[in-house]
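Okay, so chain A shows up in both of these, paired with chain B first and chain C after.
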Partner chain A sequence: MNPEEVEFLGEKQLISVIPTFNSSTIHLVSGDIGPFRASLPVNVPLWVAVNLKQQRKCKIQPPDWMDVERLELLKEAEKTSRNFVKMPSEHYMIEGKLLLSVAADDISRADEVRTIIKDIWDIRMSKLRSSVNTLIMGKSYGNVDNLTIMEINSMRPLIPHAMDQIHRMKMERSRFGTPSQSVSLALLNSSNVASTFK
Partner chain B sequence: MERKETRYAHSDGHTDVCYTEDGTRLITCGTDGDIRIWAGFDDDDPFQTCVGEWALSVRQKGDRLYIATDKNNVQITTYPDAERDGILIRFTAHVNHMDIGKNHDFIAVISEDMEVKVINLAKQSEILSFSGLSGPPLSVSLNPKARMLAVTSGDGMLRIWNVEDSSLLKEIDCVPKTNSFMNADCLSRIHFDPVLGRCLAYPNRSTVIIVDTTSWSEKLILMSPEVDSTYSIVQFSPCGELMAGATQDGSLVVWHITSQNVVGVTKHPKSISICSIAWNPKGNGEIAFCDVQGQLGIITNCLKPTMNVGAENSKVETVINEDFTNEVDFGDLQFEEDDDEDNENAVSLEKLKKEVMGGDSESEAEKASSRAPTPRPRTPEIPLQTAFMPTSTPEHLNPRYLCWNEIGVVKSYRNDINDDSAKSIEVEFHDSSLHNSMMIQNFHDYTMGSLSSIVFTIAKSNFVAVIPLSAGVKEWNINIAEEEEEEIICIACSDNLVCLGTSNNFIRVYSVYGTQKGIFAVPGPLVCITAHRSMLLSAYHSSSPRNGDQCISMMLTKLEGFAIESKDLKSTLRPETTLLWLGFSDCDTPALQDSSGLLYLYPESCNVWLPLCDTKKKCNNPSDGFFITALFESYQSVRGIRCRGSVYPGFTPRPTLSEIPLEPPFIEMNTEKSQLEANLFTWSLIKVADVEKKIKETALKTFALACRNNLDQRALELITMLSNPQLVTLATKYATKLNRRRLAEKLMEMASNLHDDGTTDASETQNSSESVYPVNKRLNLSTMMKRTQKANSIKASPSMSDGNIQHLESSSVNDISVANESLQNISNMDISIDLNTSQSKVANPFLKSLKKKTTTNHNPLSLADKFAGYAEEENLKQSDHKVSMLNANSEKRKQPEHETDKPKDKQRRLNNFIFTKRS
Partner chain C sequence: MDINIIENTENPQSDESEYEEIAHTAAEVLQLMEEAWLNEKFAPEILPHKYDIVECLLGQVSHVEENLSNVHNDDLRRSLHQMELDRLRYLVSSYLRLRLEKIERFVYFILKQEEERSQKGEENYLNDNELNFAKCYGQSLDQHFTDQLQFWPGNIPAEWKNQLIVPNIYSYVFMKAKNEIEGVMINHVNEEEEVVDLKTGSQILISYNNVGHLIRNNQSCLI
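== the complex of A and B ==
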């Protein structure tokens, strides 16, 4: 899946908004939303919230994990733990990105929140890269507990391909005893793989 | 009253003393040029700092001290550090006295060069001067609203000015003449009543005179037989109920003003003249004084004479102990309380005596108390609740909400106390399509706000600004002239009205665009008003509190056009609570919330207050409050803010609204029965939308519950109470199926009675035979639409197993075979219900099974054999004409409905088509 598709999935997440308009229930294929009553919080899918926010028809109530103190704790836990820590939301990156871009005024200390979410993402990605590395080296097995869909999908197109290559190389090696020129060339050609292996 | 031994404060000469605003510290200044800040009278190491050669007067307000020094100026220092912070004002001679307001920002300063100035501390450029003195001024006093200024001077006159326009209001000749402050024996210190400012007290030889500031007539003359020297200083206590007077020979007398009784007299052991006194603003009956030898003294227990001797006495004593020693023996305190007041069985001799002997014994007790070595302080009186605006937060908060209702939120910000331009009012509308949010600079210092969907109103004590929300309509104002002595204490606006409640118990009514529509008086001091459409609800005190309960009554006034129509309501508050919120629901029903969190509604049809929601129970913590903003009767919910650990919502983080359902505080609310009953109660009394079907559903559930618990009489009673023909039918059916024959029979009787009531004009003979007709008619016409949900409701009631149904079915068949007439009717009705349900395709378990069974058995009730019931009827009836008529009738009635339905559907589809095409 590409990031857009993951984002599409993430946008189904419910989020609480405070509408500034009155409307009866809206019946949609995916389910009913509303009724909207001005100033009374209501849960809607993220995509509706973003849409309404862009029309300035609502205030978004940030999810309770989107709070500097909580994220700070999470970041620490992520730093110290060897494994992946469970994220407060399956789509934390998508929610964070969308809300911070559209409704930064509704989130307290939005800039700090943005930085911390980015930090957590970076920590997790580097952890992921190193664990992929160990996996490819054949030293260990991959542990994907608590990984979010977005993170899994950042590695997914790559790993099978890389494994494939390695497998082929191994086959070559076992056939000829020493790696042939053509294989190493093929290896060099896929620069992505090369960077992963570094 | 007891006077403690005086102690050295400053060197010989005029010494001044004042309390800090919070009453925790004493500040003195004297002829040694020092000021000292004492952390209580027993502080052996007061903070001191030198401000000059000598100082004559010191006052504290906020974080500043104002000191009159020998350098002919008023020095400002910080408090509590006492670092110099500029000069307030300079004169050509020394400053004799100052008076600073507790509730306002003005300071009055008098100097030996016969100048009188009033300075606004918030804007120090604003200085008012008062001229006309022909002698050195001796003392000055501002009234609590800074509207009047009184000055005594050595030319023998007491002069009172109006501060606003500097006009001289009154001159009184009462001051002993003197040529200089330094030579004056009698300081003639005067004082305005600190609560209302409606009285001025001044010393006049060996009496103290209290004059009314409107009529200038002498209200009271206070004197004491034990003191014959000249009074030099008078001062009201912070509560305004006691008066302290200090004489030239060092005596200090405290009076209770209303009774004119002397509370206590203490004499100076050396008869040295007192040159300043100050009441502790805490109101604990402490007076600090200084004499001309620079000694500081303190007098405690200057409290109102008490009638109740007993527990309160010990309580207050303990409190005073606390003030002085900062340690309280809680165990002791509780023990004492237990002994006396809390134990209802304990008989207080004093109380009995008082009750029996009445007034005489009171004065006796009083005398005894003034003579007794241990004074008897009285319990604090429960004050009348002050006027407030519903959904506003208290004035001392900053920022604060002026109003938060179903339309929007009005917030008031005060960024900097000293800067007027930093004050602003912000209006946010919940529905942004109504109006954009507004921001107003609050130059006028508005303190009240009200919002409706047509206008926004803001007000201060004598001025109202009304801002219509529709575009192109000009703002208009209401201005009450200063001299009217009328003050706006609360406002309310609705879609049709703008109302002002004033201090002289008037309500002035304007239309939203500024027509003065009327004025009426309320029979007591206003507490709160609220408006909705053309209705105004005003709460007022009908009498003083009884045993701690506020006596608040209400008036519901309808102000349509120029007509005024009013109705008196009482209010219901739980014991010892106050009114917290007053408003209307969206269906025009008056509602109130008391400070214990209970919400009451007053549906007009009941003419009584119904407690409909205990908001405290919906909060997690006992200290949490629910701040009601709006009441939606049609949604059966109350909207508000859950406030953590307080009654009022905060500002950051932005509070979110939540909704809680209206639910009467029935007993055992966790049982299903109580829930059902509570729902029945609520729905039958208040106007909840679309509730008819729910009532029936709930009633049937309650009925089923009673049946299942073998409480036939209760079940019957419930149906009797509701007496709804459809319900009777369904209930009968249910009872039959549960094999409760007696109950079913009774219900059938009831059903027939109900029909009889319905067909009063039918003749006696035909009545029995025709009684079928109206039932069918009613069922077919009025209940067609509701059939489906009712069937659902039966399904919903967690009912019987299949075997049970079968058994019941046969029993009902039996019943029918033995049928009497009324049973016949019922079975007929059953058929028609079945018919309808099958038409509307409702999957009802037992209806279906019924259908199945009847078709196989050729039951007289069967669907296939639809006229079976009628066939039996034929035997009973004289002719079958009527039956056919009935049939034809019901057919006819059904047909047109179908016919009309179809074209409608077509039309709709057509419309849809057109719309889709167009779009």
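== the complex of A and C ==
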């Protein structure tokens, strides 16, 4: 999947905006939005919010997690926990990226927020890479709880493909069952393969 | 599955009794379409078609288009509606395209399976148009090979026809459980079995052959 397609999915997330215009309810297929009253907050899908902001028709109210203190706490939790921490939003990376690019003036301490989100992403990605090791070492399935779609997508072609290849080799071994076959698999089960992901 | 849309507030006086029991709001249909799109995208094999959803959504699209013709060009509504229409169209055409790609890749295998299904009286996975396309595509492929192989010196090889290109149903996919699922069997190569229980919303990387039925009967979706 392209990152753009993940973004497409993330853009239906609801977000609160303060419009600067008046309009009655708009009946979109994905649900009604509005009525818009100037300076009264209203929830709209992210793609609408971005569009309105670009036309300077609204101010965006950043989601409550997009706040330096809360993100710092989250970052600490992510650092100390062995597992992945549940993110405040299923599409935190997309919301962060879109809002920081079009509405940086509506977010307090936008630069700091940007850095922390990036930090959290980096911590999670390095955790992900090391957990791939355990996954490949022999289990035939892996839990990816609390990972967001963007994160899952970032390991998309590689990990499932590697698992496919391992499965294929195991099939061959079970078919022939000769000792010479297991040499290559002993290699496989060592960290050699996993280390190529680092 | 019959899907009808309850007209949303634009038409509040409509009589609901004329609709079938399984009625969805337009937003729910959109949600179903997204799910079907992702499932089709990541499943190695072709899945049962969801043309009821596609048609429902396309109906909505033309409905909105009709209404839009009465709206002024510079109206804010227009640009928002137009953007949404583009999003919907992308979703639907991407879904249909994914299916066509699969049909082209596995054409002989899919045709064989569809034939087996009709013989057993099961429901086909392809809709009529797709089946037609598959048949025509298969025929022209055959024709093409026959034409080209005329120039083959000696006996014309026919062995390849028995080796169908089949989807790799063991390929690994990311799956999300839509509700609690107990006792997912995981088959190992050495014929051992492992049982896993999934909680609602839990996500797992797993071989497709273990969970294909869960996708088809809508208990979980691919992500």
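Heads up, the rule we're going with is that the second predicted complex is superposed on the first by the 163 of 198 C-alpha atoms of A that agree within 3 Å, B and C clash if a C-alpha of one lies under 4 Å from a C-alpha of the other, contacts with A are read in each partner's own complex, and residues count from 1 in each chain.
By definition in this document, a residue touches a chain if its C-beta (ideal position, glycine included) is under 8 Å from a C-beta of that chain, and two chains touch if they have at least 3 such contacts.
Note that the coordinates shown come from a computational prediction; the quantities given were computed from them, not determined experimentally.
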Which of chain B and chain C A:K57 touches, first, second, both or neither: both
Chain B versus chain C as contact partner of A:L40, first or second or both or neither: first
Which of chain B and chain C A:S174 touches, first, second, both or neither: second
First, second, both or neither for A:S108, with chain B first and chain C second: first
Chain B versus chain C as contact partner of A:N22, first or second or both or neither: first
First (chain B), second (chain C), both or neither touched by A:M1: second
Which of chain B and chain C A:G31 touches, first, second, both or neither: second
Touching partner for A:P160 - first (chain B), second (chain C), both, neither: second
Per-residue contact with chain A, leading partner among chain C and chain B: C
Touched partner set for A:R129, first chain B, second chain C, both or neither: neither
Common interface residues of chain A - those touching chain B in one complex and chain C in the other: 21, 57
Residue numbers on chain B that touch chain A, as the complex places them: 429-433, 639, 653, 656-659
Touching residues (chain side chain A, partner chain B) in the complex: 18, 20-22, 38-41, 56-57, 61, 108
Chain C - residues contacting chain A, complex: 8-10, 25-27, 30, 34, 41, 57, 60-61, 64, 76-77, 79-81, 83-84, 87-88, 90, 168, 170-174, 186, 188-190, 194, 196, 202-207, 210, 223
Contacting residues of chain A [partner chain C, same complex]: 1, 8-9, 21, 23, 25-32, 47-48, 51, 57, 135, 140-147, 149, 152, 159-161, 163-164, 167-168, 170-171, 173-174
